[in-house]
């Protein structure tokens, strides 16, 4: 039982990170239906940015503790958000009126480009965050040791989810974002500046990805130029599992994926963990073809 | 072709001058001239593919003319992006309705007021729309995409009205509506027009449109071939043959 | 052209193992530079022709074809066993000599290819040494963890076989983690459940570092022992000095631990150029491949058949960067190579 | 006369909304029946229940003495029911001819292998399918447009193309959802002739239409729906005079 | 009419010219004074051919039926392993394993895609990613003790054709490209048939397709099965070309690459897919001189190509059905006989022209 609970918290910790990346993913995905292969690499970019700030600019001496971590996250948020906006301009906007799979391939090119750019800039060896800004304390709950950082990470994912949900579903701009997602022409007809909305989406989504990158760097320490591939894929799966464009769904999908992986590890051959996770996922989608929380569909014939 | 001079007394409000619009390499409008005066109902008639929708989409800025200009109260519209055109007070209920299918009826209507600053007025406007179309109020939380065809048409018109337009563009508003509602919609257009709103109406139901409108234009393959007051057009034998199904009564 | 001696280097310059490939290139190019400064081999300078194998079989086959097409028939490389295997036939058919560097899979040399060599030891050798070492350190309940790569799994299976041979030892865990991930707490929790005396991790250093770090964070103190894939100084950076302290691994010796002149001189030059010693053993092993090739050319010229014959029979106890080098008839490196290293509490690799 | 189609007490709801609340009526062989009613009355939903696009919550659909309530859509088509859609659903990037060939599909046999190797039988079948498609195109008056892309047709012609595609399935029963929508009076007049010609081929027609001129002229029987229930059934003359229908649907203005 | 005929001839003629030129390439490369007799270049062309084959097989599923399959590598792997196991364990000659590899891959596709056909768009995409990952992990874990785990299977024989053993890159060049040519021919016929049209209808509007009487689920399944069959056979060619296979070659990114080949080349377009293979397999080789920046430039090139040609480099040009004969036959009818009753049951050999109800002049 204790082991089960321990594994559950392990899974929730990993899932929390998947969820964090998936939230940014689903923003872009929900609006443009773009399978943004580059999202994982923007996440990596955030992680490297945090690394550079800490290591190169001597920030490690100046900042410390949670405030420092917060500052770092904020800087990644802004910088990666701007990169996201530029990426949209360069790689996706020209393809806006074409088949959506074309944009997928462009995104794939962007992903390869970013990944190799980071390899050339930072070298192929893993980099390690020079200082630990996050507290190492932990507490016991029902016989399970829970590090404080996990709680922090988890609650920031949760907070972000609520914030995003509120933003998308309860604000005027959020409604405009959803309208753009459905029919850009009709959105223009009601006076929405479609370009601005899409830029905004590409500011928020990548910014969240970049922030997640810094958090992963702070939490795990080690970062590599190709880590975006795995995390990006997991985030994509989480977003789909929850239901396309569904923000609580992305969160739920991420958490579930993390938990399935942990339980797969615990009660299944470890080497088969990912196969197990995919199997569960496929079964879930067979039973619920539009994801766990479902996608809003209006199939009127 | 007799080009009778309009007896418009007001200054031109909305002017399409020498307008050419193309889809790719195919020109759909060849030098169109249309003038709309403030407070008028102007109808644009024409067979399928004549270029009516193209004209309205150009006014709304979704299509860019290759030549000519669109002036609204002296200001060039054809260089403005669509959302600014809406801010200037020109909204449209487009062909094919184009409601936001996966959003609720209420959200669709609220988006209609996207450019409006004053929330109270928008709320009042919403109340008025619900009075016009009680069905929309009944279905306020239903996803727009699951509405019946006619219900969606009401929503599209309602959404355009939510922008509190000075010029309302209606592309075949009676399409798919039950007869009782067609009458009602046309009466409503008249009533709205009386409050000072200018209306450009594209209709297949030419007879009803001409009964309603002050003036009309007839388009044929991208050209204006006739332009006259509505009663004159209604009486015009060419129009009767081509668009009114001959002497039917 | 005839004015240079062309030596090929097939290495993962891009892809999953790019960092190893770049180290290999740095190492071999520096050795060639040093050699050319001294006038090359018998007066002819050496030229290194690098081809990227992308850490992937198909790209490796193209790289091999390309080297062969360029007339290069003395080749160093490459790192991964599966990638090497995809290129073996191409070199063999072209009659080129290939000296693999990091490819430890047993099968590579059981095919009896006449011109294939490797400067790294084989998995079975390492497995035997590893289990003997664990045994001598007094560990009885052994958990073996690999990462499903050809190398790590090969080593793990050899170790498993060794453990099962010995009645005094018991294998309490045998499974794979997923390389490239960040979070190994789930697998650590599971390992904790079987309560081993030691965990023998046969994979690479990034995962070893993460395992150490997370074991340290969860305050679980069971010894972790690694194989030569974990011999990389970045491991300490990843784990943190505190977590890495006490970590042991077995590996061929690092140049700094040899007191041969070639090793000492070269290490100095390397540090002077790159600011740090080579980060992993695999680039050093690639350097040794270069050294033995150069030695052979010096003695018998550049004809592949001659070089091959020389390496098989004439080269005895050559002083390499990783110790004495000789090859057996299959092309495997002979001699017992492995040493036990431990990380001290300053984060240095110390030879035991 | 024999009933070709009978609907028995069909019920269908979406969430809390009962779109079709116990609808029963019959369509006789070789007849033209109109289904009318206010917007949102459930007419299109009834169509979707007949064609298998929706499954009814209860009730059944009998076609040519077979219960087709649970039959999948494509099988219903091969049993002889064809339809057009309220919003045009053509294959816009395909030629007019290929659009009609879609309708021929269910009367063709060639499998994957025959298709891959273009066996003589397959070629023969292709040829005759093209002939049939051209015949249907000629029937609706679009044969000269066969090589055009469907999206380049005018709205009215696209509607006709949909009809041609439906006819190519060799139906015994054709259902048309607002065929005159977006057509001007002249085109509507032509459409009336077309519908009558379809019936004279022995095909029964059920149509939804808000154009009363068309409905009154072409239908032998009308069924009026309101709030998902049949409120009246009868000849056009009877319906025109029915006060319930006038109040709910027609309005006061006299019809032309 | 002339434009239609030239249209019809354009593709076959240019296709024939292309394959003729390809056939002449090895001797040309061999005598071009390239070191090593163009061995490397032919090797790269072989890769391109193999990926063209895989791309064509995926094209049926992704390009023609519009089913988002990002797990095509699973079928490819199935075929390669079938051949490897049959050959190394049971000694079955390579060319005999070719249809078997196809059949096993196809059967596998049948089993795994059946339950997921109702999934739409991206949901299907994720599930296919899942399938290829599960296959790869199973291979990695030495499932049934037959796949050799991460080590893979070595010692796969070379194919023998009428007693002639294919060994050199040139031999494989003709084997692979011959197979590509054969495939192009068959797939072109398939595209222009009831089957090909059905896929196209389904891709563009599933509802309208089923409303026209097409069993959409059936065709989707068959698309998967046919695509998998060919991918399986491509697996055979890969296995015997490399003589050695391991799970690394069937990673998820391989499936993504195939996906990109189809989309970048032009979804649904046979010449497009072949060109896509040339670009996506050829360009990284072309950029070898750039060393470390090789893949950086490749990624950039991919973006630029997509932006410059959003519909794909050679987008699908659908065949214009030549109904000229039929039109000729009806031309007089349209002119003369306006209101004759139409033939109720159109017989295939009818010569009586059906009359249009609505002529150009309208019913006056």
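For reference, chains read A, B, C, D and E in written order, and residue numbers begin at 1 within each chain.
Everything that follows uses one rule, which is that a residue touches a chain if its C-beta (ideal position, glycine included) is under 8 Å from a C-beta of that chain, and two chains touch if they have at least 3 such contacts.
All values reported here derive from a predicted model rather than from experimental measurement.
Trainee: Would you identify the chain whose Cα-based centre sits farthest away from the centre of subunit B?
Mentor: Result for max centroid distance from subunit B is chain C.
Trainee: Of every pair of chains, which is linked by the largest number of C-beta contacts?
Mentor: Pair with the most C-beta pairs in contact: D-E.
Trainee: Taking the mean of the C-alpha atoms as each chain's centre, how many Å separate subunit A from subunit C?
Mentor: Between these chains, centre-to-centre, one finds 36 Å.
Trainee: In angstrom, rounded to a whole number, how far apart do the mean CA points of subunit B and subunit E lie?
Mentor: 48
Trainee: Counting in whole Å, what is the centre-to-centre distance of subunit A and subunit E, each centre being its mean C-alpha position?
Mentor: For subunit A versus subunit E, the centre distance works out to 34 Å.
Trainee: Mind pulling the subunit C residues that touch 2 or more other chains?
Mentor: 14, 22, 148, 176
Trainee: At which residue positions does subunit B touch at least two other chains?
Mentor: 146-148
Trainee: Identify all positions of subunit D at which a residue touches two or more other chains, and write them in rising order.
Mentor: Correct list: 44, 53, 85-86, 186, 189.
Trainee: Under the stated contact criterion, what part of subunit E meets subunit C in this complex?
Mentor: Interface residues on the subunit E side: 34-41, 43-44, 47, 140-141, 149-152, 154-155, 167, 169, 242-244, 246, 248-249, 284-285, 288, 291-292, 294-295.
Trainee: Enumerate the contact residues on subunit C facing subunit E in the complex.
Mentor: For subunit C paired with subunit E, touching residues are 13-14, 22, 50-52, 54, 56-59, 61-62, 65-66, 68-71, 80-83, 85-86, 88-89, 93-94, 105, 107, 111, 148-150, 153-154, 176.
Trainee: Which subunit A residues qualify as touching subunit B in the complex?
Mentor: 172, 175-176, 178-179, 182-183, 185-194, 296-300
Trainee: Touching residues of subunit B toward subunit D in the complex: what are they?
Mentor: Listed in rising order, the residues of subunit B that touch subunit D are 47-49, 96, 135, 142, 146-151, 153-154, 172, 175-184, 204, 206-207, 242-245, 248-249.
Trainee: Can you list the residues on subunit D that touch subunit B in the complex?
Mentor: Counting only subunit D, the residues touching subunit B are 14, 17, 36-41, 43-44, 86-87, 154-157, 178, 181-189, 210, 212-213, 248-251, 253, 255-256.
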